[in-house]
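Supplied in structure tokens, the structure appears directly below.
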Amino acid sequence: MAKITASVYTSHVPAIGAALDLGKDKEPYWQPVFAGYDFSKQWIKEEKPDVIFLVYNDHATAFSLDLIPTFAIGTGAQYAPADEGWGPRPVPTVQGHPELAAHIAQSVIQDDFDLTIVNRMDVDHGLTVPLSLMFGNPPQSHFEWPCSVIPFAVNVVQYPVPSGKRCFELGKAIRKAINSFDQDLNVQIWGTGGMSHQLQGARAGLINSDWDNRFLDRLISDPAGLAEVPHIEYVREAGSEGIELVMWLIARGAMEDVAGGKPAKPVHRFFHVPASNTAVGHLILENQS
Amino acid sequence: MAKITASVYTSHVPAIGAALDLGKDKEPYWQPVFAGYDFSKQWIKEEKPDVIFLVYNDHATAFSLDLIPTFAIGTGAQYAPADEGWGPRPVPTVQGHPELAAHIAQSVIQDDFDLTIVNRMDVDHGLTVPLSLMFGNPPQSHFEWPCSVIPFAVNVVQYPVPSGKRCFELGKAIRKAINSFDQDLNVQIWGTGGMSHQLQGARAGLINSDWDNRFLDRLISDPAGLAEVPHIEYVREAGSEGIELVMWLIARGAMEDVAGGKPAKPVHRFFHVPASNTAVGHLILENQS
Amino acid sequence: MGLEKPYTDVPGTIIFDAEQSRKGYWLNQFCMSLLKAENRARFLANERAYLDEWAMSEEQKDAVMARDLNWCMRTGGNIYFLAKIGATDGRSFQQMAGSMTGMTEEEYRNMMVGGGRSVEGNRYIGEDGDAQEHHQPQGQAGRTARGEA
Amino acid sequence: MGLEKPYTDVPGTIIFDAEQSRKGYWLNQFCMSLLKAENRARFLANERAYLDEWAMSEEQKDAVMARDLNWCMRTGGNIYFLAKIGATDGRSFQQMAGSMTGMTEEEYRNMMVGGGRSVEGNRYIGEDGDAQEHHQPQGQAGRTARGEA
């Protein structure tokens, strides 16, 4: 049977991708950011996931105003890195997992989550930057990501975005779906975006480290309570783009402890300000069997 | 305040549109079909709805396999009749109601229905045939539909489609949303598709009048019970395309009696076999204030 | 796979689920292209060349060229997509649906006017209704071929 | 309208809701077109001509030509869409965000390196934080203009 072994949380700041792609990761500005992922790179090399269920948001790339899905699951075979205006990132095409994705879609739709099924889309920095952070950029000699990825896009661009509660409940349904897939697969679920940041107006550059760290604390020890936080608190305290953090609750809702299992075990936690306009947060939780 | 005054249920067989567009509606084959809507045409002339919230399904027209929303709400200003392969139907462009549609989207998403918001799409026979049946095709001298329409597309093409229960609950949320819109609007909600039909394989042409009529009976008097019927019963008893009938439960769930109001009043009921491959069912229920 | 399928015991019926959808992806996307008049014209002008523009299997191409909708469906086609081929040929939904039964157009039309196909014997595979495998193809031609009447 | 908006009391912040989305529809769709390299080139070659291909308001076109992102946002733009204009100009997200504050690039970058903008005084309109209306534009140029220092 497939099994979620761990959840990974990380910001997905586009400038991090640019820094890595341009070879700036050793510069004093960027070095402390990437250093926060040194443990994670080693950890994931040992964990060897088969599939990553990657929760992210599209930043007006695959989805224009013509069509805005609240939740979209990628059931396609592959996804190309998108041109976001600077040209596509020089990273490998993302290989999907159509069978598991279709299984999850079926299960979760039957659990009353009204997913949009997507078979063709390009993926932007929201999805590729976390892969770069956790795996490093693959060398030209072996130009591929080490595992399959199921993209799961959440609308956090046009209001209303889904509530934290809805996201948390969705995570529970995803866990149930993955656990009922009858192939042996080591699956990780990642929640990306955030932490505090605001990219607009006179309040651009807002950072709220206290709030972010409380968010990390509660994500570990009180996720159900954290899921009750209304949107307006994210906006007010963590900046208008801090709302991306609701996506972390999807990954958190998929952990075993939420369904009565043993507590999720934090194996790594990292926080740094700034990366470009944003506070970088990162957390790894393992399921204890 | 906006208010749902009535719900209308009808099949949306493409051949009905073709018959009307080609002036065949007085032919012996078609005359009884259109006669079943004589009352309805008169009724709606007196009812004068401002907006129709029209639940239908796209038949591989606006949505390909690239992207399949479970529920999609049209918040755009207008929608052109689609070319489904025979050229577009010669009927007017559909005028939307962006303000009310956006209000409903906001309210219903906050009630945990994960809608996809659509601002640009063409609408196929699933949406235009019901308009033709209820209003007749508008004359060239006054080539427009008499009111605004909010298209609401439901995936019934690729499994899993939403359950009857989910549809019924969605109807309740739509009612709540419409009732909280602070403009005086006479709103009708229509459920379309069905009744029994199968368009594929050796079982093509299946009709189950008994099941259809029981469906109509229960839709009137026991909608909550009807909403519990599983997909497989629709397929087995009403044909593979009979599954479209789950959409009627969205409209039914939006009636006042479901929320504790007075019983919905049936003012017209019609059933006829066949129109092309399909059993035609039609029902009008009024809210009693 | 793990996908539960409570709908495989209905005779003469293929439910279009994720698996069918994956199998039929390019066939169905080819069909979608026929929503544009210029593509319909190009397809009709040279079917084989047009089909070769799509990543379809050879079998899917053959099934389309043969206008065998049952065959198309077995290779992952969905009727709402396949209908675009019929539309391109100027055929109605009734002609398309009828073509899958083996009946002549008139036989199928008469069945519909007579109230349609009965569900009796056609709910589960293994009953004796007219949609069951051993009664295919339907219509006089099929009966004659089977030496029934 | 009936849309509840619990988010209008945050200083220097426009939440991109259905109303903004409607207002900014063509502006944002123009931005989406810049995801294609050939469109970026065409836009840069003749901005006015390219903008005239879109059903944008004159004000929206002026705001784009002025590269005034705050102005673009007031006319319905969303930052994720508007970022495509900055990308076309070869600017980073930090340059774009900073441009909305009135600070120089260096001032904004230093603010971020120093831990970013504090939330204190910037939670509600009417407090005294640096994002409040009476402190705009920010940075030395703004302070000088207001005769503050």
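Each chain carries a letter (A, B, C and D) given by its place in the written order, and its residues are counted from 1.
One rule holds in what follows: contacts are C-beta pairs under 8 Å (C-beta built on N, C-alpha and C of every residue); 3 or more make two chains touch, one makes a residue touch a chain.
Nothing here was measured: the structure is a model prediction, and the numbers come from that model.
Subunit A and subunit D have Cα centroids separated by 26 Å. Averaged C-alpha coordinates put the centre of subunit A at 38 Å from the centre of subunit B.
Subunit D has its Cα centroid 53 Å from the Cα centroid of subunit C. Residues of subunit B found to touch two or more other chains are 65-66, 105-106, 117, 119, 158-160.
Shared interface positions of subunit D, i.e. residues touching 2 or more other chains, are given as 17-18, 21, 25. In terms of which chains touch, the assembly is arranged in some other way, matching none of the line, ring, star or all-to-all patterns.
Here, these are the chain pairs in contact: A-B, A-C, A-D, B-C, B-D.
Listed in rising order, the residues of subunit D touching subunit A in the complex are 6-7, 10-18, 21, 25, 28-29, 31-32, 34-37, 40, 69-70, 73, 78-81, 83-84, 86-88, 90, 92-94, 96-98, 100-102, 108, 111-113, 115-119, 122-124, 131-133, 135-136, 138.
By the touch criterion stated above, subunit A contacts subunit C in their complex at residues 75, 98-99, 102-103, 105-106, 117, 119, 180-183. On the side of subunit B, the complex with subunit C involves touching residues 14-15, 18, 29, 59-61, 64-66, 82-87, 157-160, 196, 198-209, 211, 231-232, 235-237, 240-241, 273-274, 276-277, 279. Residues 65-72, 105-106, 109-110, 112-121, 158-160, 162-163, 165-166, 169 of subunit A are the ones touching subunit B in the complex.
Those residues of subunit C that touch subunit A in the complex are listed here as 1-4, 17-19, 21-22, 25.
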